[in-house]
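Heads up, the next two complexes both have chain A, just with different partners, chain B and then chain C.
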Partner chain A sequence: MSAFPKRDFRASMTWLHSWAGIIPTLLFFAVFWMGTLSVFDKEIDRWMQPESRYAGPPIAYDLDASIETFIGAQNGVEVTSLFIMPPKPREPYLYFYGVLAEEVNGKTYSYGRFVGESNEMLGEPQSLAGSGFIFPFHFKLHIPGNFGYYLIGAVALAMLVLTVTGVIAHRKIIADFFTFRPTRKARRVTLDLHNLMGVVGLPFYFLFALSGLYIFAGWFAALPMQTVDGVMGKSPVAFLELADSQSPKRRPRAGQSIAMDKAIMPFKTQAEALWSERYGAPVMADRVRIEHYGDANATVIVHRVFPGRRVTMAQDRIDFDYATGTVLYDQQATPATATRSWLEGLHFVQFEHWPLRWLFFAGGAAGCILTATGALFWMRSREKKAGAQPFNIRFVHAMTVGSVTGIMLATGVFFVANRFIALGALPPGIAPIEWEPITFYIAWLLSFIHAAARGRSAWMDQCFFIAILSLSAAVLNWVTTGDHLIKTMTTGMWSIAGMDLLLLLTSALSAWSAIHLRGKARQRPFAVQGDDPALQPAE
Partner chain B sequence: MAALREASRAVDDSSPDRVASVAYYAVQTARLVAILAGSFYIVAGLDILFARFLNWLGVSQAEAVTWAVMLGFLLYVGIVMWAFAAPVKHRPASVIVFLARVMTCVGIMLTPGVIS
Partner chain C sequence: MVVTAVFLLCAFSCSALALSQDRHWRIVAAQNGVARKDVARALGWTLLIFSLVFLIWREGPSFGVLLWGMITALAIFATAILLAYRPQLLKPIAAILRRR
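Coming up: the complex of A and B.
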């Protein structure tokens, strides 16, 4: 008999599906989980940065007065460039980011936010929140350097392969859609749920893996393209340069100072008028940049990136010479960039369309269930035959628990830590903004250790912890800010109300899961070291 | 040795009920990672050829590279599936891995600064 038995195409794809799925499981769930939360990153920002909450009507802001206030707040330190974002429904403040000519308190940049109708400037946020921690975790895991991008790129490639091979491996795609038997044995239910979630979200998973790859194509594709081109004897393709070669070269500084006494708002208005005429509908700019602030070559760049209710990102950009007001560059999308912009817009989920946003949230949650049930099925299939848990099964079990309930638990700790930090309950020596990530990583690490020590009981324990943490976060929000659920719902602060409601829902579901798992644990076929003796099956 | 022999014999066994050794998992993981990475290098080569072809047809360089990369990711799935589905005796995986290894080593030597 041959050492390599003959296999058909489906068997090969099943092999590929099993292994491409099980190896990056930990990362799959982390990416899905953080990606799902990132759908509401701005709402999480409002919840974690209470000073930026605003429930009033759209703000009538004064751009030039705010620029003056921001520049004045730098205590004479020269600002070399400014990045401004006007208020939007999900970000109800005028946002400033300035690059400084010299280092101040170890930083060469400065933030400013103008919330509400007053022209009072808020300082730097005290929490990384959704946009600063959860969203970047989704695509680079906060690993220093470029390694995080490459790692997540590999995960996205594996996801692409999994979606296609999953269809071939499971074959009965229509039947699977209608097959869910919750009363059958746990292993059967797990597979049914895995198949169901796979079929329901198939286009979503494929498009999100693909669009994620396109967003960071410069990172993922640059290295192999450069090395391959090197082998072909050509000079290496500077991929990133090529991809950006449509944008104009940045103007150098003239080295001659000018007074910045001309208003910036008319540049924005002019760009919006030009775009509105071009597209035959009112268009709002959502970014204003001032390059070489205070220099004779100062350039005002007006962008439109996320156009309201449209999924496709816009490529609109107009560069003005500040001194003369002449248009230096007027960018319009080419066929390739327009295609890429649709895929990128789909992935960034920054459009103002709430039903679609919730649909994407549901798609992400389905992806979490898909990943978790896939890993559970793989594990249970082996546990059944094992009789006693060998090292590899125990290892995969600990990794699965830590990567599924562990990261949810760590996120709960992240939210609770944010509210405790707001109370000023901080040990000295570490900046408040660094505390939340530290608590997150410690909690996540402990969840793996707990899973290894507690065996199968870890699922139940960690669900219970998640329930407690989610409930505590919602209650702490009320205690520390006074924004309880009834107040936020009656005053129209839906971002805060939504976050609290999701925390309470998570708490209820986790508590139900913990109770359900306790009941199931009594029927399990074997015990592992560290299990609760009270949960052992009756002989 | 026995574990490695068992691992190599079981290399094609995807039975979900299998309880195999750590060596088995190591071999499967190495095989998967090698083919996933190797196929990416094959796609990169095809991307460059396609981008150069489009550029030769008159498409701007930036447009050509963007189209080539977009197509390349779709092509990638096909190449990985082909690598796994081809007859065992003509298994192309080892060739892909070998080529990828050569390309990586030689490519990095020829293009200083790529990694940084």
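Coming up: the complex of A and C.
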């Protein structure tokens, strides 16, 4: 028998759908899961970096005093350029990246934060948190070099294939549109849920896979591949610098030093005034850079990348000559780039629109359910008729459990491990910044081993672990920082309150699932029986 | 506020569309007559399109389109869940759509 028997069109699409889906379940679920969490990456940052929590009125800050403090803190090492991110509602602190002329402690950059109105500088966070671990995991899996990007690119491409083949493979898409029959046999329920989640989120999955591919295409087409490989992961600013090095507007150093005694804030204010007049509405700059700091050719570059209440990313940029204050370059978005910027903007989810942010979170969660139920149905279909190859089933089963509940469990461990940093209770020889990823990967690996050893009970066990871990994380947050739910909800620290509430909700849902699965396991210890012709796998 | 209101409108539209299908009509209102399928479909689609136009007007085209897609998705999901667990809650809508 050939691997691809002669069939009608729908059967071959079903074949492609099931195999293109099951092989990378691990990757799919990881991307959906980490992407869903990334929607709230800044809120996770606040939770995991308690020193950056700030509840108060809109943040006033003194840009120039902070620059002075930052430069003064470099112990005489020359700073060649500065990236300054002013406070934003979801990131209520001012922060700096300074590119250094020489390597200090193995790094070519320096980092500083100013929380609230304090002029006391905080160093680099001890936790990678949402934007340092979860968000990059979503697009490169933390694989060194470029391989992670290619893998994720393949996932996005497969996602597009799956959305199209899925619609065709679906037997009765219109008749089953609103159909979910929880009282039917387990395999039917799994397929119903898979179909429902697929139909409901179809435009969402398609748009996000497409925009994800678009973002990568933009990065990789614009930059030489070798350079991306060398620079990524070296430092957070290196990539931004590299991207800008392609800009024709970049001026060389003059090689002649000048005193940096003029204030920077007026440049930002001037750019904002210019934009506000141009667009007829108040505009805030969200990034200020100083190129060639201390050089006669010092340039102040003011950017607006993420406009608040708009999906489409902005491309506003004004370059000023620091010495004379003249405008060197004034960049405006062209209509031709608008569609691309809209796709990028919707994927980055940096706009200020809380209902849409939550809806995207729900869409991501639907994607997680879609992936999990797809894999479950694949397994159940084969389990039923594959008495012949129990090893394959067992292997796929362990892979699926590890990919689904395993990564959730590992994330729970990641959150709990974070609280040990605050307590200063780390094993000797492990730097705080390495501690969370180490615990995450160990927990994830163990979840696969556990699944292989425990067989069908692994689902129940791991749901139970997730319930305990989520509850512990919320309780530990209270114990270690004193920011309990009543306090965070009454003082308006919604990032922390939201995180705690979601942890408690996760805990409750997983506990419920664990209990439910336990009941199920008693009723029906092994594979499902029953013959619904619609449920025959495509083999 | 806007999002909740549009969600309820979309959920109503989706329920009407679901009730235009025999399978769901039988669960909700089998013993109480026959559905006016054309009315149910027309009502459902009109309100869905109206909610899209309203969101575009209220939130601008790029937020409007995204919000509509996500809210409609949620409404389809909610309708499926209601039909599965609490179909009797859709009886009032079925009453509107019954052939007299």
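Keep in mind that, in the parts below, the second predicted complex is superposed on the first by the 478 of 539 C-alpha atoms of A that agree within 3 Å, B and C clash if a C-alpha of one lies under 4 Å from a C-alpha of the other, contacts with A are read in each partner's own complex, and residues count from 1 in each chain.
Going forward, a residue touches a chain if its C-beta (ideal position, glycine included) is under 8 Å from a C-beta of that chain, and two chains touch if they have at least 3 such contacts.
All values derive from a computational prediction rather than experimental measurement.
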item	value
Touching partner for A:353 - first (chain B), second (chain C), both, neither	second
Partner chain(s) touched by A:160 [first = chain B, second = chain C, both, neither]	first
Partner chain in contact with A:65 - chain B first, chain C second, else both or neither	neither
Contacts of A:182 with chain B and chain C, given as first, second, both or neither	second
Touching partner for A:15 - first (chain B), second (chain C), both, neither	first
Chain C versus chain B, contacts on chain A by residue	B
Contacts of A:263 with chain B and chain C, given as first, second, both or neither	neither
Partner chain in contact with A:200 - chain B first, chain C second, else both or neither	second
Interface residues, chain C side, partner chain A - complex	3, 14, 17-18, 21, 23-24, 60, 62-63, 66-67, 69-71, 73-74, 76-77, 79-81, 83-85
Of all residues in chain A, those that touch chain C in their complex	175, 177-182, 196, 199-201, 203-204, 207, 309-312, 342, 345-346, 351, 353, 355-356, 359-360, 362-363, 366
Partner chain B, residues of chain A touching it in the complex	3-7, 9, 11-16, 18-20, 23, 154, 157-158, 160-161, 164-165, 210, 213-214, 217, 221, 223-232, 236-237, 239, 242-246, 334-337, 339-340, 377-378, 381-382, 384-386, 390-393
Interfacial residue positions of chain B with respect to chain A in the complex	8-9, 11-12, 14, 16-22, 25, 28-29, 32-33, 36-37, 40-41, 43-45, 47-48, 51, 60-63, 65-67, 69-70, 72-74, 76-77, 80-81, 84-85, 88-89, 102-104, 106-108, 110-111, 114-115
